[in-house]
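Presented below is the structure to which this report refers.
Each chain gets a letter, A, B, C and D, in the order it is written, and its residues are counted from 1.
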Amino acid sequence: MSEKVGVYICHCGTNIAKTVDVEEVALWAGEQDHVDVAREYKFMCSSLGQELIEEDIKEKGLTKIVVASCSPHMHEKTFRTACVRGGLNPFMFEMANIREHDSWTTDDREAATLKAKALTKAAIERVIHNQPLEPLPVEINPNTLVVGGGIAGISAALELAEAGNHVYLVEREPSIGGHMAQLDKTFPTLDCSACILTPKMVDVGQHPNITLLTYSEVEAVGGYLGNFDVTVRKKARYVDEEHCTGCGICIEKCPYKVVDNVFEAGLGARKVIYRPFPQAVPKYPVIDTENCVYFQRGKCKACQIFCPTDPNSIDFEQQDEILQIVVGNIILATGFDLFDVSQIPQYGYGRLANVFTSLEFERMVNASGPTDGKIVLRDLETPPESVVIIHCVGSRDENYHKYCSKVCCMYSLKFAHLIHERLPEAEVYNCYIDMRTPGKGYEEFYNRLLEEGTHFIRGKVAEVSDVARIEEEEGKLIVQVADTLISKQRRIPVDMVILSPAMEARNDSQEVSQLFRMGCDFDGFFVERHPKLDPVATMTEGIYIAGACQGPKDVPDTVSQGAAAAARVASFISRGTVMMEPIRASINQELCSGCRICNTMCPYNAIVFHEDSNVSEVITALCQGCGTCVAACPSGIITGAHFTNDQLLAQIEGILWDVRSNLDLVPVE
Amino acid sequence: MKQYAYYPGCSLESLAKSYHLSSIEAARELGLELKEIEDWNCCGATAYFHVDELLAYTLVARNLALAEKENLDFVAPCSGCYKNAYFTNDYLQQDPGLAEHINFALEEDNLHISGPINVRHLIEVFVEDVGFEEIKKHVSRPLKDLRVAPYYGCQLLRPKKDSEDVENPQFFEDLLSAIGSDPVEYGSKTHCCGSSLIITNREAALDMVYKLLQDAANREADVIATICPLCNVNLELYQKQVNREFGTDFSMPVMYFTQLLGLALGVEPGRLGIGKDFVSTDSMQFIMQNPQSS
Amino acid sequence: MAAKLTFSKEIANLLYAMHGNPIKDCIQCGTCSGTCPAVEFMDHSPRELIAMIGANLKDEVLHSNTYWSCASCYYCNVRCPAGIDIADLMYALKRYSMWKDQYKKDLIGPKFSESFVKMIMRTGRSFEPVLAPSYIFKYGTRGIIQEAQTASALVLKGRLPLLPKKIKRLENLKRMVRRIIPIGEPS
Amino acid sequence: MTENAKPKLAMYWASSCGGCEISILNIHEKILIVDEVFDIAFFPCIADFKTKDVKGYPDGYIDVCLFNGAIRNSENEEMAHLLRQKSKVLVAYGSCSYEGCIPALSNLTTKQATLDTVFLDNPTIDNPEGILPQPRYEVPEGELELPVFYNTVKSLDQVVDVDYYLPGCPPEPPQIWAVLEIVVAALLEGAPLPPKGAIVGARDVAVCEECPLEKHEKTINRFYRPYEIIPEPGLCLLEQGLVCVGPATRAGCGALCPQVGMSCRGCYGPLDDVEDQGAKMLSAIASVIGVGDPSMEEDELEREIQAVVDTIPDPAGTFYRFSMAHSLLRRANLNGGNGKGEAK
């Protein structure tokens, strides 16, 4: 059957039309072989634009459709659906990207028009070879795994559980709560972080639809959207959760204290058997075996001796448990790390005692923290008379992280406020590059600080030292900074310096992204499917992300993302079955010679080898259509549906249509 | 004896003669031969880069090519020479166009660079190739109780080379500990002494020298140790002038690290050029005259 | 049509060695100024100078003493959060102002650099006594006496040879230089 | 064809080694059947026909022409056109005419370089005056004309229309016989011929299918040249680091080479859905190089992989030994500045 192709060139308002001569491309397209109709239209993605396609298919009997417009990321689905409404298989469609790949890359109208033709020609040549494909139905297991028990994970888990779905919430630490549990106040409203967080933590702990797995880590993930097989290691707490009442006597009686580098940021101590903080969920303590005298030297057992439950809840013989769970979807909410400020030696952290990190300061101002909320120097006694808060530590800096960490301006302002509140006499300086306070009520908070008398110095601090040059500097920390607004070099002698470090990706984000088979960006943050239109999905179907694992964000944004991810999952669960793109690899079982080169290739473990028949096979449901095996098969008998040789070669021929005629070909005498 | 293509640089022929003497001596004690590059020329210092960048690379490249002929690591005791050589070498590797240009010029002296050449600072040779443990073994006269302020200066560390800590390096301190002395922690150790301005903007340079001397003196250093002839000259020769301008009375001895190293290795002070100083090292006589056994 | 060559572009083009980011990347944070040990002796801080280049204030930039006060300590380079090669930018400005002969006439820097270069062309190495007269007038009589005293003391201590050393293959060196800049005889 | 006349068979060699002619004889006593069934119309190797005889035939006079050898010079090309014109069925016989084979490896360099190697820069050459073959040459008897030596070697189907391809270097006797049987059946009994353009006398699976060696999942840490190891018997050669092109090569030969411990060179050419045999094998080889680990920096990993790749000394000769002319590459870029391909 001879093909009848319809070609539609989109203006995209002026996005395309300003550099591409759209009329010219449409006229030219109409003259190409197989093309029955070629049109240009202001907005192809509009209902009217889509109707054009539908009507042409019905009236002119078109068999193939090409739309030259934006990226397939944006509208491939739109136009495929239009084809279906017109009565065509959705894969009888091909999209040429003449916006991102063309009009947006140049101002040269002539070149852009020529390239638009080449891209359109490629799509026309390819679409002629396109074959109808049928989507694959996949059953969705209604259970969901949420990884990370910070505010993002908590929000997501509660949303899903409230909607009647079962959730497994896995948290690495002994308690959920995440970084938010460490904070004192939250900007800009200054409500107590614990006060708003703990009710949610309790809800999680008590919800019948949530299986809470703390002190646990995901070890392996198999399967695919609808049916992930997940292996979780539940580490031994050495406390029997069935009988422990959480009375805390064991903690009280434990004779050994260690510095708490995790929750108290090294500023306070905890017992060796401990709960990270009083409101921890679950309430069960955990034994830190590295520091436990019993585990190290076989003596003590104070916790066991004093445990009042019957049977005794302390179990030194407890082993890690390996759990196998099956879930339909996964939400990653693994949070962030704080930038290690000792990487910037000129700020003196670790060398100059009274340089603090933001997290240390958070713990210090926290009423239940190690200093009971008193702001003091490293001696834990003297209140500072002057404090400099340094913004952008490790962010907006090519040497560390290029990105703006988004929350530091606001929390630095919050610190200034808390110092004014607790130490009204103290002088507070905020050294910033640009003040970034976009958010509801944020600018108002900045105004409040201006009124409170904080000294704002616009300049990135060059260094913090203890090298005094004049008497006033003796015994002080001297903050050297260019005040760029008045063009003066300033040396500010102060008692305390607080560094506001960037939020950065978790140090193991790379491994985690590999475990869940999704992408990490250059900075280590997880990559969303689309930065604007699909910010909580990932490139791997069935895996979602929420919160600071995707990029720096504050509490409100994190909570929104948690809920958004939950909503995406809930919609899958309620559908029960989803249709997956049929773009999958397949091995011709007749022709496979069993060389087994493809066997180790598949990143999704979708290839099996049948010893009996001596052939390899792709398990369609596991295949993600990446094409790795297609490229590797030396016999050319693995086919990637919708990416066949004839389709790709035709596309290449098409795109070279103009180049070929201009080529100064090597003489073949 | 391990050999190096030694590029003394102009200062070591005149003002920093004692650096030259002590480098050769200390190296010999530790089994290294600093083989002076034959017929080397001035690397252009900073001044030449003010005038013409390409010509400056050409000057540096001639010395590098001479070292390449010997097939030895290029070693400079002067941080300025080192920085020029290091980056010229680097750019020649990265930019084939530049290399072609420079090699065209080098033809006039029958030289050619293909590189890369290992460009090292003298202190790197002692720290990396000999090592602290080996140095300790050779120390016959540990400089006990001598408080030494290690002065790194600028161009050894900056611009950033491979993976050095440019803000708070420790290797100089470790070297000073290895010879038994007591390194002084002071904030200015990587700050600039202003030597490239001493002629053209003396006011600024003296201010920098003053700040450095003050910091070292406040931390009760007995002596400042340097790794660069220009820093040394600046801190030592102009101390008097600093005293005049700022009303201070510094008399802080400034010595090359190789002089201290040489002393610890038991070399006789005169052979290390001690005594050619402007700021008297008399306060340190206790070290030189009382050889202690380790 | 070629885009108009802005002053900032012109400067950027001069930076053969500049492996850092474009000057345009500057976020005006002032790290360079806060770090600079000579900033108090500059009429414009490095940050301001970069802003001035961006604003095409060519005359002001050419008559600034900022880059002639740069000590080449490269501290700004390693700390610049925008990854700009500031010290090499200062070198570029020095060269530019010398080529255009537009530097402030009371500066010693350009004269010193010129005499330094001439000396190397004469001997192949640098030699402090020869350098002295070309800049010494700046310090007046007192300066000359001081310098002269220092010099004679240095000679006595064996730290100043009386005659400059010449390299052996000086002619080759001169010819090398001429291959880079073929016009004229470098004197 | 008149009632009693036997079908006419021709065989011609262009740029080839002669092995293809020998392969015909290798069908042993069945050659007598060939003689019985066919009249030889042209077969320079065994019968004295001249080109002028062929020129005298009416078009389509020859029923089957087995054309072996690549198109290396103007004479080869002229004969290809002539035989195409005079033959009903033109078969590209053997690897050279099918896809260029060994002669086409000279497409990696220039005509000039090839001539230099053959006539000038070779230890066994004695040519002090540097005489090279000239297309025209004056001798006392008159002007002599030699064929023009081409810069680029081509396959038969790159100069004329080809009906069938019979791969192999040379084709294996059972396969030759099978093809002849089909042809004879078609000519004498009117049986159907395969579709035009078919690859006959071979299968549509890879050599591995016929290869009895045991195969496992593959990860290769270095490659070996045949003399460097004695392969473990019974085990897939590729897994042992010998570059065996079997997986990228059409079966039909019976996997003779790998069975005796010599890795497959790929003479039967690519399978149906492969555009470029060399590229496909390279891609496969690249897929099974098993060095490094995820913790490595990219450049470190790159170095490790490069080290493995470097153990294949002649990639072009290894992967494109038979298929250069027919590959997507066709030849090295003459205008490229990479030394080897540069035109003089």
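Definition applied: contacts are C-beta pairs under 8 Å (C-beta built on N, C-alpha and C of every residue); 3 or more make two chains touch, one makes a residue touch a chain.
In this text, all values refer to a predicted model and were calculated from it rather than measured experimentally.
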Check your understanding: Counting C-beta pairs in contact, which comes out ahead: A-B or A-D?
Key -> A-D
Point to revise | Distance from the mean Cα position of subunit D to that of subunit C, given in whole angstrom | key: 67
Review point. Where the CA atoms of subunit A average out and where those of subunit D average out, how many Å apart are those spots?
Key: 54
Check your understanding: What whole-Å value do you get for the distance between subunit A and subunit B if each is reduced to the mean of its CA atoms?
Key -> 49
Practice item. Return the residues of subunit C touching two or more other chains; collapse runs of consecutive numbers into ranges. Key: 40, 78
Check your understanding: What are the residue numbers in subunit B that touch two or more other chains?
Key -> 167, 211
Practice item. Check each residue of subunit D and list the ones that touch at least two other chains. Key: none
**Study point:** Chains touching one another, given as label pairs in label order
**Key:** A-B, A-C, A-D, B-C
**Study point:** Touching residues (chain side subunit A, partner subunit D) in the complex
**Key:** 510, 514, 591-601, 609, 628, 631-637, 639, 645, 649, 666-669
Review point. Considering the complex alone, what residue numbers of subunit B touch subunit C?
Key: 10, 13-18, 39-42, 44-55, 58-59, 62, 87, 91, 94, 98, 101, 104-110, 154-155, 158-160, 166-167, 191-192, 194-197, 199-205, 207-208, 211, 237, 241, 276-278
Practice item. In the complex, go through subunit C and note every residue touching subunit B. Key: 16-17, 19, 37-38, 40-41, 68-69, 71-75, 77-78, 85, 87, 91, 94-95, 98, 107-110, 112-114, 116-117, 120, 124-128, 131, 135, 139, 146, 150, 153-154, 157-161, 165, 167-169, 172-173, 175-177, 179-181
Review point. Which residues, counting only subunit A, touch subunit B once they are in their complex?
Key: 344-346, 351, 465-469
Point to revise | List of subunit B residues in touch with subunit A within their complex | key: 165, 167-168, 186-188, 211, 214-215, 218
